[in-house]
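In order of appearance the chains are A, B, C, D, E and F, and numbering begins at 1 in each one.
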């Protein structure tokens, strides 16, 4: 059962007015950006050596870690010729005073499912290449999203962390033994990467009062009525949408938000690319 | 842990007295029946085309839907030569202000188990005919009881819905493939029926004050001390009993209730038969 | 999440002082022992004939029953050549007003895991002998600890009950059938015992105020800051340690507690031996 | 079960069930179908059959979740075990948990919750048969059940899914089109307010396709909400002269 | 485990364990066996061994379930993992949940709950060994434990199961008779009040068989409750002159 | 995964990773790494990487657990699914439940809980990568996070595990040594108070070995707590002149 959120952060109404007034003038409450620009974003790869792939994303003060684990398992009955991709998100209680320990709530489930669909629908990972023995043994790829610090816009940070961890991943060593079983040695990584066909990011646009703003921080999110999450691939196709939040949107707002998302997406793709090409000096702080 | 019900419907004491006084005079609170007669009952078959079998039972204002689903599975270890029959009941919250979402509580479990036993003990379904490969592959028959509107006497309505859905069911198309696996196509129904050997109904008799009455409605149930549920087959044999409720019964009351149950059972069998022989005009309202 | 206990037994502060003063003088609140002596302990074997092995331990008023059940199952992936040993503890609500029905809480889990480790680390049961077909079929040995009456020191009583039930156990009759499956007949016990290589007991030493005392009863436990549990085998080796409770210990206290544990352990080993050699007159009361 | 070789768009441009791309399935709406609930409705889009019931405003057992200035909505989207081809476990799946949230958020903007502080309005949606579009059918049924319960609303909402199959945008997709198609975009909203209250896209679309799909959905939602109005008018005889 | 070829009724008319159809198994009753519980009892019918403990009247952690005019009963029937041939998972099964309800409803009519409003009386029943008739043995143990706890009762209750094996009605069936027989009818009641408080039938009987089975059970329950009285008299020396 | 044929103590007396028996792994400590938490710390012992966060003193949602004369501690030790070789299910395992208790009890003696009656102090420990010694690394990280949160403490605590591999006592064992060795003895304590607050032994030791292991641990804990002090001094510039 989904219940209207009843334990909400309280944002002083003066603060709320300030956020709205600034936005109306094309400014943000953090004083350093406009409505079209995400916060500083940094992607770090290989942060958990034991995982097949991992990444830490810092989007402003929001921190999300993603880990990719792989194992050999059975395919789904209706897709015997495809590997299995599973996304799971944990809102661990150290990330926010609003998070309590326990199984994933509707927000964590929604987040994981949006990331999952955004990867799956466009075929970001070529699951057809993850088959060991059709109908019997395939690779199961787990993406675990771990929210470490929640300062708003978990969607974009999580999607970026998932994508980065997938790109960071290397297949573990495995061999088929005579019984037909496949033994995986998680201690030994090969050089082989996952078959990534598309890179996907999401851009979240919040509606605050009458204004739209990309990448809301926690305070902005708290005073926003509704968020629209666009998943986009590198060629600009829409590969997923999620309206999230108690509010509603006009048709024009939906389309304006799409324009804003398309304009902001390259910032995320660039952060991803920078992490993958370690030649750069590596921004800090 | 079973706990004395603490969130009970409140029936005004004047109303309670009225119910008892009427009963003492052989009348019911609904003004249209005597203590021996169930409410209007109507059975509708095939209400969910995707299920192998389905039925909707309206017993007065009480509505129960039953669906039969079939799949191929493993037999129980101690009955390798028998199919598997499973009854499950959901008291979904739209049926009553007293129902909350969540896993089945003791009332739903009791209901499902009474229906299950009443079918199982007399061998209503010939499980021996539901074997595909002994000890390995058998048909698993799920009966799901869905309470849609609770106006009392869920036992009789549910038993009738379960029986009707079983009679309505048609085996899905299946074939054994070369690997030895059995593929079921739920989209294609065959003409083959389930092997039903006996028809069973339950008749619930409530003790209200010093009186007995069959098929109590919700209000009568709320003021009754105890209900006695008799499962009977078409030949009048007792194929199950359940005393339910906080009260107690004298020996004579137990036997008198049995006589009342035997007298009322044909009403339910008739409703079942009418649903199966669609020649009739089809009662409405 | 582990939470500071908030529903604690209240021991009057005068009573607490009395316990501490007596201990300082080498006396106990029950008036019959010194700090080094466990309460009367009695082990009864074979108390549940249907179990492969069973024992009831009475340690003062504390009563713990242990049952050993065996079945054929798969080995763990990383120990294909070993049987499986599993310890589970239930703090059933009839044992104490502090116990509520529900899945095992942290105390029950800690208890089971300490007993499990104390048996496992020293190889008390030779799991290598419990293999039927390496990598495929092994014996699974369940030890279920059932707390029936909680008057303190569940660790020692439970460890003793587990050890006794293991020593009491006889392998069930089994045979391999032509399909390769193994059929176990729990109704027929053989004469074959479990391969026990070591006997292990735990001795719990409580720190109460500035004093140490073995085998605290419930009242003593309630006023103690911390308990130290030493698992010892018959040759005096330490085969497990658990510090349990909100308090802390100095190095000297840890070592003094060990000396006390080594001094008290023979009492438990003797009770075990007496149960196994039924020649004795059998203490009562 | 995956059906091999089905042509979703036939050579004559019609869909596998004979509909044109812009056609809705046959729709049936009925209100007041349950006696206990304060409001109820049964809505069918083709073989998709969804029952909704509303209780409230009332005091829920857990009072800690109440809000001082408005009613809370509690929404459950749930599928009957027999509603799907393979039996569905009755325990709430992750999908059902997400859709309960998405549907609640589709209803929040239109219910006048400020009129009932410190209460809960409960919306229970049971999918009796699932053949595509269950969430949008659920929103539609919930809208009717809320009206039937007399809950004040700013406007009625309705919903429908637009799909893309074999490159063609098609309205009100069924399960075959959903599972074999390239995109599924459920939309719900209140045409009288011009507000979209539910929007999801599972699949891939270009910006142009997205705009066109949105317009197809919006046009259909208008028709659906008109049907809702007619059913309610007929039931409550508001205005008096409905057919 | 199904035992093949066992004859449940031997040629001499006796049962597989040598009992006559109308015989009870050896019964053992002991009260006050636990130190913490307010009342407790251990009852054995043959190899069936059940422990019951009572706590209360007391205030439960969840106060919302209390009633203003009476005590509530909270009853748990639970089987030890080692009580059955195959290890039983300690999580409550559907069977245990049903039996907890059925046993609570067997005790409700005889406990004078009105004397303790706004409290809970807790009855915990642990099956230590299961060899048929555990629920009726549980009712019997609970009755003794309630008396041992000093809870006022209208009367004592006792219970026993009657079975039908190879067409013969037999009293106090054990597990073999239960699993291979044609019917199992557990009955519990208070003979001093003439009230049946638990009645179930799993299996098939004619009306005549049912009446005869009910009479067999009732006669045995009288004897069982007499034993309860004797045990309590002996324990509490009520009347003073019991053996 | 069990590695066959690895020599844990090489012929030169060094360990498989080149350390001497009495060597710690490279240790890294960082405080204030999270923005939301009132205090936080990241601690690494070799590849073992643990994050701790502290919230409080605050009022928890469930007020019934509060104590009138002190703050309660709520401690969760949890492993990230990607922290282990085989993916770990995120649901709390029995091991995690035990370790949460053991770690809480390692912190209880040093937190001045009496200063904050009727509140909760929450310590959340997340193992990001597990390579042996996670519980003692967790205690160390929790100690730093508590200090970073400004929670008054009697002293800092630190922890380390001593192992026995191939008969040799070795400090700060990693996962290979833990899984293939003969004993694992985690110890935590507050050297400034001379108090041991966590002590477990999984494995077999003689009394002499135990005493020596305890001394090895204690000596290392002194060094670890000194590092904690230095990190905090550096962060908060207490005393002003640390490097």
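By our rule, a contact is a pair of C-beta atoms (placed from the backbone, for glycine too) under 8 Å apart; a residue touches a chain by one contact, two chains touch by 3 or more.
Predicted model only: the values in this text are computed from it and were never measured.
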Chain pair among B-E, A-F or A-D whose interface repeats that of C-E, sharing over half of the contact pairs by residue number: A-F
Euclidean distance of C-alpha centroids - chain B vs chain C, Å: 48
Whole-Å separation of chain centres (CA-atom averages), chain C against chain F: 28
Chain centre separation in whole Å, for chain D relative to chain B (CA means): 31
Shared-contact residues (touching 2 or more other chains) in chain A: 1, 101
Residues of chain F whose C-beta touches two or more other chains: 1, 61, 64, 76
Arrangement of touching chains [line / ring / star / complete / other]: ring
Ring path (origin chain A; first step to chain F): A, F, C, E, B, D
Footprint of chain C on chain F - complex, ascending: 1-2, 64-67, 70, 72-76, 94-95, 97-98, 100-105, 108-110, 113, 183, 185, 189-190, 193-207, 210-211, 214, 218
In the complex, chain C residues that touch chain F: 1-4, 6, 78, 106-107, 109-110, 112-113, 117, 121-122, 226, 228, 233, 236-251, 254-255, 258, 262
Footprint of chain F on chain A - complex, ascending: 7, 47-51, 54, 61, 63, 65, 67-69, 71, 88, 90, 92-97, 100-101, 103, 142, 144, 146, 148-151, 185-187
Residue numbers on chain F that touch chain A, as the complex places them: 1, 3, 34-37, 40, 47, 49, 51-53, 55, 58, 61, 76, 78, 80-87, 90-91, 122, 124, 126, 128-131
